[in-house]
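Below, each structure is written out as structure tokens.
Next come two complexes, and both contain chain A; in the first it sits with chain B, in the second with chain C.
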Partner chain A sequence: MGEHKEEMRDVTFRVLRFNPQVDNKPYFDDYTIPVEKGITVLRALNYIKEHVDPTVSFRAFCQAGICGSCGMRINGISKLGCTTQVWDELEKCKVPNVIKVEPLRNMPHIKDLIVDMDPMVEKMKKYSNWVESTMPESRMGEKEFLIAEEEFQEYDKATDCILCASCMSECSILRANKEYVAPAILLKSHRMNVDSRDGSHDRRMSELVKDHGVWDCTHCYRCQETCVKSIPIMDAIHGIREDAMVTRGAKDTSGARHAEAFMEDIAKKGKLVEATLPIRTNGIGWTLKNLLPMAFKMVMKRRTPPPPPFVKSSKGIKKFREEFSEMSGRVKGEQKDHKK
Partner chain B sequence: MKRYAYYLSCINEAMTKEVDRSLDLWQKDLGVEFVKMHESVCCGGSNLDYVSPKHFALVNARNIAYAEKLGMDLVTSCNTCLLTIRSAKKKLDESQALRDEVNDVLRKEGLEYKGTSDVRHLLWVLVDDVGIEEIRSKVKVPLENYRIAPFYGCHILRPSTILGKDNPLEPSSLDQLIEALGGRTIAYDHKNKCCGFHTLLVAEEESLNVAAEALEEAIEFKADFIVTPCPLCHTVLDGYQSKALKNSKVKSSIPVFHLSEMVGLALGYTPRQLGIKRHIVT
Partner chain C sequence: MKPFDIVVVGGGGAGLYAAMEAMKTNPSLNIAVLSKVYPNRSHTSAAQGGANAALANKAKDDTVEMHVFDTIKGSDYLADQDAAEVLCSEAPKIIRELDNIGTPWSRMDDNTIAQRPFGGAGRPRCCYCADKTGHTILQTLYEQCLRKGVFFFNEYFVLSLSVDDSRMKGLIAMNMRTGKIEAFRARTVIFATGGYAKMYWNRSSNAAGNSGDGQAIAYRAGIPLKDMEFVQFHPTGLRKSGLLVTEGARGEGGYLINIKGERFMNRYAPEKMELGPRDLVSRSIETEILEGRGFDSPAGQYINLDLTHLGADLIKSRLPQIREMSMYFEGVDPIEEPIPIRPTAHYSMGGIDTDIYGRTPMDGVYAAGEAACVSVHGANRLGGNSLLEILVFGRIAGHTAAEEAGRFDPGEISRQELEASEHELREFMKPSGHYERYGALREELGQTLAVNVGIFREAPKIEKGIADVRELKERFRHVRVFDTSDVFNTNLIQVLELQNMLDLAETVALGAYAREESRGSHTRTDFPKRDDENWHKHTLCTWENGKAVLGEKPVTMGKYELQERTY
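Coming up: the complex of A and B.
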């Protein structure tokens, strides 16, 4: 029976509490309860609610990592309460044996561990996160859609998303600006964009390339790293950008012009010409207004990037240019074949 | 003496020249040599991959092929170059068809991508190859009076499927190095967070908010300086610091050092030699 005892221990859950009708600001309550090895954080919270404090509020439903209701921050990281083992978290505690439980970030706080999911739903509407069928309603049911295996592979992983909003809670840019589209919405958008049954690709894209859209992602990869379903969210974000470059061209937005500048410079010198990058991205007016004060400081410290003629090309640039343009020819050829 | 093929990053060539200058000063002291690859071509800086995936593969296959020709691992001092070249390598290693196509083009200059060289960060070379104990034994001026805030930057940690050296949630390599150099690391939340660099020209306000949060926390924790293994993080945290903190409740500033400068300081080189005076915040 000694072995059995080792599998039980008292663990403290430091839970963020907040009731806007009563409290000026959030605070923490500590609940120390006996926990058996193999118990999840959600079951521990259920125990607290049943046996210690019925006022602790959180959302939960399926208890099996399917419904996405119990997204919360456990020891500082956004994840699902129902798929997180207490024993695994014990190794990550900043204060030994104390597991910190907080609500998701970047969404309006309602009470305790509950946040308002409406902004996410509103954004799903804004970016048409559903398939709008190419088939007229009158002909529905006459014929089924056949999806090629190859096409399905493109969005197979994305369909695993359960909208738990962990990625939104971790997103660096959403934290800086709540208007930002957010990773889950970009994932869904790309999943719909590449679906051959969908007819609203162009409308969706025109929304995605606007301010607070796909170009505002700062590639921190925190969404992907915390995704509870291990979905490569950044592949979807890159997918939308690649799509935007092909369908809308580089003139369209500062994000696209910025990306295109890399291609230009590499083709010419093999090196990025940083001095003119702000102008090529945002125009001369923006650059003067936003970067002039900084440029002064940088000149003083001899930190300014060299003007274009002084950017030294990479060694072997002649051969490299030939290779680069040969690849361009191949890509063009492929695109022609594809169109046929 | 262990030798490495050193990839020349655009930003270190143009703006943060002190990174390579510092490295040049002390590399032999630690028994390593970084052979500069003047053939290095811009990796695409996390942009080329969606402008043209094929050119992205070509450019980085060429970069790695030059390292392979030297029979050395490719080493970079820039996080984004690290992630970008490693992700190209992963694509190349996983697809025979892509390798064949790229090699067909690279034949023009007698090059071939084989997949024999690893792609690594300077920090990894210091911690894994030179070794913490060896570095500790070479320290001349221990950084013992300094509280140092490590700022890892995203592209040396995430995605862990491509990087994989540190646990992105609890990275430790830079902390270990700081301790080996005699400094005290501070444990603050932003050490594995983002600096906002990649949207500076597209969403400046958001980027500066991201940077401000990290700077504020390091200052609140009373760090003497921040150290980062990434020149892009440095550009934001140092160059844009006053702009980022303009509307902040925090009224002071904090110096930001490059990894190679911090090592240089502990090995006895002066701030002037290391180019630290070139920083905006000094």
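Coming up: the complex of A and C.
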């Protein structure tokens, strides 16, 4: 069967190393090993640990893409080591034939490729990422809830989440603010919110609309792009926002007002009216108190901001809105038919 | 540290259910869960297919009695019938309870919990969440434990049970983050550490850490292990990695095809075909391969699992994970091509000897799930009964421990004990002239077990297997841990796991050698028949002064008489 032999080549893995007991700061070690086509990055790391350097440390468990242990950054992108083919990564190397492997970002670093997952667990608790059943405990197990396909579809995809934290590692907000709720937690929160068995929507929502909550997201879509299970995380984030504004009347937060102001401007003018945005978001008092001193300071430092532009309505915006709403109505109808 | 009323070892389905139920039984108890991984990483997450329960949502005439009978017949009559009764009669309740607390079960058109056919079952009674059932159950249980405020010690590796004159005082464990050895004084301990089938290494579908830690710790503390020779080979592992293709793939209508293009199962189980019980299907595939009707490849011989006739829609909606895995690990899209498979060591029927309340023979020590052997699976487990077992008996063990915790006083764990433990670990790190590579030992262990104590067994082969395992144990004494750091020393953890696997491998091989009959997953080519007269009994393996001693225990019978097992 010699002729069937799989393609082999030498590949270098540039692995971030850090042992808090001896190292002041992280550094990279290069390991060049023979790799067969079809091998995953995790198997390559296992090979390095077994044959080259037993001190290389990383987490791994199921090796089948379901436990979420081996989240790591490979060539700069957060993903699972066990489902990432070395051959695919070779095409993405900055330095030819050198695959860079680093720990996930935005969580405390423990050692080599291992980061602390406790902050994620703490946030699951903070945002009640569980179903608090409407069924009293004493009556549990007696009968099942009846759940319609439409409801099931609302959260089916979200329950694919394996908490690998790749999205958290890529999240641009979490990078700036570690207290931010984080994409995976928002996804789970929304999954619970739309579950009719759950009776704690309101409590969860009241936490989600607070500081560091759902309104901090800037729609960079990095979480959704990176999700190893291809879950539309942004849908959940939008879902929570809609939920907050429409059904639960949580309009009295700066995030909600900010979003409303955007909506209003785009509908009316097709453009954003930035001049009045802070006032509409946070009120006149807040704006005078917080932004005016800043503007003053900027002037003093000769960094005078340009005067806010006068915004004229875009041509044809009204007609466009009409066509757009008709189109989106049709798409929604088709989606419904398709689900059936 | 204050003594705990209950320490649960293991954070998979059984451990979490035990913790949850214990809190429910007595909220004032001080309960901790120790796990070497974050609980949501546990191997429960990998269970794809589902959990059996006679809900009669799909087949209106399904009953608990039928489920009991299927389980006992599937076990080749080695299951204890009282245990099987408990398992099946609690099943509908536990499935509904999970539904009540948020498990996203797939639904039927009438909005009730969906059920599908599974191997060895007379009715379609396997409840599922697409092919991510275990994952969603584990998530649900973890969520509920967080909700209830269960105290978790994540990434703690348990080293030993602290015992004085057969009185359990608690546990000694290593905090993996700091490397510190810590004492956990406890009134009761529940082992829920999962299975030991990873000892077959590359020929196993299990997670890297399924090294049977709980069984090994209990065994070395003098608690007997039961029916260790019974290891289930799942018929459909991926050819290259041993990773699993769920039985759901056959439940949904997949075919097994040999190189001649035959659906060969018609020779072995003409009625049930691909949905015969696992042991039978595994043997059939292995026979096809041994008799030259398999496919050849550099990664070994294989058989095809063909799903192409099911159509893209069904595969995408019902078996998305399988499709993903086939593409990732075999480069095959099951919508277009058949999946190359061969049997893979998958599940350990044997484990810590417990009664139907989860009690082991040692006071204050309980076990549940794959770590335990009640026994509900006997010589062969039915698909969909393992998730069910961890739930039902996890819950029972939690309840029993909560009720009985008050009876036991936690003893003191001395400094010397901790220091001795630490010394043992440091010994592995001492430089010496000659040393063994643990990676090599691990691979050799898997190889000898697969060849000599695998699907087809016979005396000379098993003797070789026993000799090999003992030699490996000897060589293990020279294994060296090169990572000398305290923080997250995975090198050390893997060596300790290998030690556990080696101790258990000996009990598996010894049981296989003693049992001179063929029953369920245990097939002796030199004793091809089931021998009820001499072997309708459990084997027990007890550690006495460092030696494995075999004993036996009768099977609890009930209303079902011994019958020949045909499908």
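Following the convention adopted for this analysis, the second predicted complex is superposed on the first by the 263 of 340 C-alpha atoms of A that agree within 3 Å, B and C clash if a C-alpha of one lies under 4 Å from a C-alpha of the other, contacts with A are read in each partner's own complex, and residues count from 1 in each chain.
Methods note: a contact is a pair of C-beta atoms (placed from the backbone, for glycine too) under 8 Å apart; a residue touches a chain by one contact, two chains touch by 3 or more.
Note that this is a predicted model, so its numbers are computed, not measured.
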Which of chain B and chain C A:224 touches, first, second, both or neither: first
Partner chain(s) touched by A:294 [first = chain B, second = chain C, both, neither]: first
Which superposed partner A:322 touches (first chain B, second chain C, both, neither): first
Partner chain(s) touched by A:175 [first = chain B, second = chain C, both, neither]: first
Doubly contacted chain A residues - partners chain C and chain B: none
Complex contact set, residues of chain A against chain C: 1, 4-6, 19-22, 38, 40, 49-51, 54-55, 57-69, 83, 85, 110-112, 114, 117-118, 121, 124-125, 128-133, 135, 137, 140-149, 152, 155-156, 159-163, 192, 195, 197-198
Chain B to chain A touching residues, read off their complex: 10-11, 13-16, 38-42, 44-55, 58-59, 62, 101, 105-106, 108-109, 154-155, 158-160, 168-170, 189, 193-194, 196-199, 201-207, 209-210, 213, 239-240, 243, 277-280
Chain A residues touching chain B - in the complex, by the definition given at the top: 76-77, 92, 172-173, 175-177, 180, 215-222, 224-225, 232, 234, 238-239, 241-242, 245, 254-255, 258-260, 262-263, 265-266, 270-272, 274-275, 277-278, 281-282, 290, 294, 297-298, 301-306, 311-312, 314-316, 319-320, 322-324, 326-328, 330-331
Residues on chain C engaged by chain A in the complex (per definition of touch): 24, 37-38, 40-43, 45-46, 55, 93-97, 99-102, 104-107, 109-113, 129-130, 132, 135-136, 139-140, 143-144, 146-147, 152, 154, 177, 207-209, 240-241, 243-244, 296-298, 321, 324-325, 328-329, 331, 437, 439, 481-483, 485-491
